[in-house]
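Look at the two complexes coming up: subunit A is in both, with subunit B in one and subunit C in the other.
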Partner chain A sequence: MSSLKSDMQDYKELLSQYLKTKDEAVLYQAEQFSKQSIQQNISPDEVINVHYQALQELIPNIDESVQDSFQFLIETMISYGLAYQEHQVLREKQIELKSEIGVAANMQNTLLKTSVPSANAMDIGVKSVPAKEMNGDYHHFIKDEQGNIGVAVADVIGKGIPAAFCMSMIKFAMESFTENQIYPQWILESLNRVVGRNVDKGMFVTMFYGLYDVYTHQFYYASAGHEPCYVLREETGEFEEIDAKGLLLGVESTVQYEQLQTAINPNDLIVLLTDGVTECRVDGRFIEQEEVLNVIKAHAHLESQEIVDHVFKYFERLQDFQLRDDFTLVVMKRNDG
Partner chain B sequence: MKETVSSVAIKKEWDIVAARQAGRQISQRLGFGSVDQARITTAISELARNIYLYAKEGEIIFDEVHDLPKVGLKIIAKDKGPGINDLSAAMKDGYSTSGGLGAGLPGVKRLMDEFDMESGDTGTKVTVIKWARP
Partner chain C sequence: MNLHIDGHRNENLGVLKLSGEIDAYTAPQLKEELLALVEEKREVEVDLLKVNYMDSTGLGVFISALKLSKEKEHHLKLINLQENVYRLFNITGLNDVINIENTVKGELS
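Take a look at the complex of A and B:
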């Protein structure tokens, strides 16, 4: 209260100066006063009262109806004062929530961490960026004792925190599989059971799973309702779509997934992505898949990591640096020889 | 130490005005300033409107409290309505009252100095006190 009293004195002096001089400098000080009042949580009704009190002292014979009008104004402003205080409380809560989500997002990053395997046969690049703090996309690498590389790219239908929880579960399920169980068909069938048993109805996961055999250079793959993926053939310079039939994970309790395979030649480029890449929206229109592929093709001579970084930068800029959807892109290039 | 000053029955919307009027007269007599008077009457409005909207019938009771050297006004809002199930939720900012634009119970708590509430099958009783600034 004492600070309010001293503020009131300040206000009275400012007002008196202004009434005499109409000086812009005093108005500037009034601006400072209002900022200070906000910092001290002084509500609008209180400011009007301060004005009223100051006015009474500065102009002793103030008209009675003017006095009454101030009572009327103060009464009118009480609810504004309350709304203002409520706003302050909610703002603090929002900051609190934001920092909690930040902690959760960090934890998610730790939980879902997967390292890009180094392999002589393959050069691998990955870029995965969440639209909001929590990522609903997921990618995972496995390398078995023979050096074969398993790769998964997944997208939870639904975003944010529930999606993130779901992803953690899928990751731990995948890690529990033993090394002789890394064939795409088997993995999707198992994951489908896990998701169906443990996740609420209405949450679905799409996944593309591939296994690269480093000896035969065959790429085995299966898809649970995921975006088609692509192979950029060195020989023709054209993209070849790779897709396999299969329901989304978690829709039905037992699903059989189709497993296909394709031969990968030196310098062929395997591209795995989520719909955040192919359905990224710019000014209300969806970017054509071809546009994505063209950007990849234009940089195909670079190292895989450079390719994905270029693609991401390209789309980040197109979307004015505000991603609408989680973005995940994996590029795997077969090395020469 | 204290005496019951008066009470106003709340049955129709216009009774809210009568309750405000009674509250204003007492707070003027007790020496509350204009802002505090406005706060007290806004709190009374809120409490009376809650009775009118949710319990249909109840009363607002005014008590003078003397806790020397302090003087205060105690307001009790009582009804025999369905009660409030989740008191904690009702005290959270953003809990809908009076169509969402009312100050709600958190607002009443902010306007006054002391706040207490009981609610059960037999109705709700909200007790608030505002102390006059010396």
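Take a look at the complex of A and C:
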């Protein structure tokens, strides 16, 4: 209250100065005064009241009807005052929500953390970038006792916070599988049941799952409605699409997934990705995907993590580059001779 | 770009002719109209001849409609899909569970 009192004194002086001089500099100070009032949560009707008090002191004999009109004006401003208070409350709430989403995003990162397995036979690089704060993409690595490597990339249809929760559920389901159950076909069939039973009707998941046998160098894979992945063959220097037919997770209660396999030779590169590829344009190409593959090819001699970093650097350098969807890229290179 | 939805109904059949883009902005409107139609009519046809763009939210709408049609024992059919729109159904394996008839190339006005 004391600040309001001193503000009032300031206001009175300002007003008096202005009435005498009509100086624009004083007008500017009035503007500053309004900014200050907003910071101190002073409502419009209070400001008019301050004006009225100051006026009464500066001009002792104001016409009575003018005095009454001020009472009238103060009343008409009351709703503005209330709206202003509401606005303040909403602003505070918004700040609160924003910080909660931040907490959720952090929690998601912690919950979904997966470590890239170290293996002599395989050099693995991975990068995942969300388009918004919460990532609807997911990747996961499993290493069994024999050292074989399971890898999953997934994309939730339906974005934001629900998608993130869905991902956490899938991760915990995957971690509960025992080590002799990490064949792709089995994993997708099990996850399909988990997703179908536990996920909201409007949400669906695509997943590509691969298992790399470090002894036979066979790569087993299956796909639940996920876009194709690739193997860059050292021998030919060309990408080979690897794809298996299979339905999205969570649409039908029981689905059988096809499991295929391919031999991986030294220095072959397995590329798994999720991209906004579940988008299409009749008049356009999948420019990003082609470009991604070209950049990978150009850097194929590097270590896997450097390769994926180069891909992202390449896109960051492009003008107007904006992710239209979460994007995840996993590169695995057989690096023994 | 918007999505224009043109609906026709007769005794047992409901038809939606779509033109434009199906994305996060237009999908809610499509979902509302499509689900209402599937609820109401035993046979529902969706004509996608003039749909030149669809993203994953569009897939979500058709999956919801498919589920509802199974519950109601109604039939849902998609016709005249542009090749690249069909590609989405193909990648996701939905072409095996949704009745899709006739894919086309071009013919976009």
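Note that in this section the second predicted complex is superposed on the first by the 255 of 337 C-alpha atoms of A that agree within 3 Å, B and C clash if a C-alpha of one lies under 4 Å from a C-alpha of the other, contacts with A are read in each partner's own complex, and residues count from 1 in each chain.
As a working rule, contacts are C-beta pairs under 8 Å (C-beta built on N, C-alpha and C of every residue); 3 or more make two chains touch, one makes a residue touch a chain.
Everything numeric in this text was worked out from a predicted model, so none of it was measured.
Participant: Who wins on subunit A residues touched, subunit B or subunit C?
Facilitator: C
Participant: Counting only touches as set out at the top, which of subunit B and subunit C does A:Leu248 meet: first, second, both, neither?
Facilitator: Second partner only.
Participant: Does the superposition put A:Leu82 against subunit B (first), subunit C (second), both, or neither?
Facilitator: In the superposition, A:Leu82 contacts subunit B only.
Participant: Between subunit B and subunit C, whom does A:Glu227 touch in the aligned arrangement: first, second, both, or neither?
Facilitator: A:Glu227 sits against subunit C, while subunit B stays out of touch.
Participant: With the two structures laid over each other on chain A, which partner does A:Phe204 touch: subunit B (first), subunit C (second), both, or neither?
Facilitator: A:Phe204 contacts subunit C only, not subunit B.
Participant: Looking at the overlay, what does A:Glu46 touch: subunit B (first), subunit C (second), both, or neither?
Facilitator: Only subunit B is touched by A:Glu46; subunit C is not.
Participant: Name the contact category of A:Leu90: first (subunit B only), second (subunit C only), both, or neither.
Facilitator: first
Participant: Mind sorting out which residues of subunit A both subunit B and subunit C touch, each in its own complex?
Facilitator: Touching subunit B in the first complex and subunit C in the second, no residue of subunit A appears in both lists.
Participant: In the complex formed with subunit B, which residues of subunit A make contact?
Facilitator: Of all residues in subunit A, those touching subunit B are 1, 45-46, 49, 52, 70-71, 74-75, 78-79, 82-83, 85-86, 89-90.
Participant: Residue numbers of subunit A touching subunit C in their complex, please.
Facilitator: 155, 157-158, 201-204, 206, 224-228, 245-248, 251-252, 276-283
Participant: Along subunit B, where are the residues that touch subunit A in the complex?
Facilitator: Spelled out, the residues of subunit B in touch with subunit A are 33-35, 38-39, 41-42, 93-94, 103, 106-107, 110-111, 133.
Participant: Quick check: in the complex, which residue numbers of subunit C touch subunit A?
Facilitator: So the residues of subunit C in touch with subunit A come to 52-57, 59-60, 63-64, 66-67, 82-85, 87-88, 91-94, 96-97, 108.
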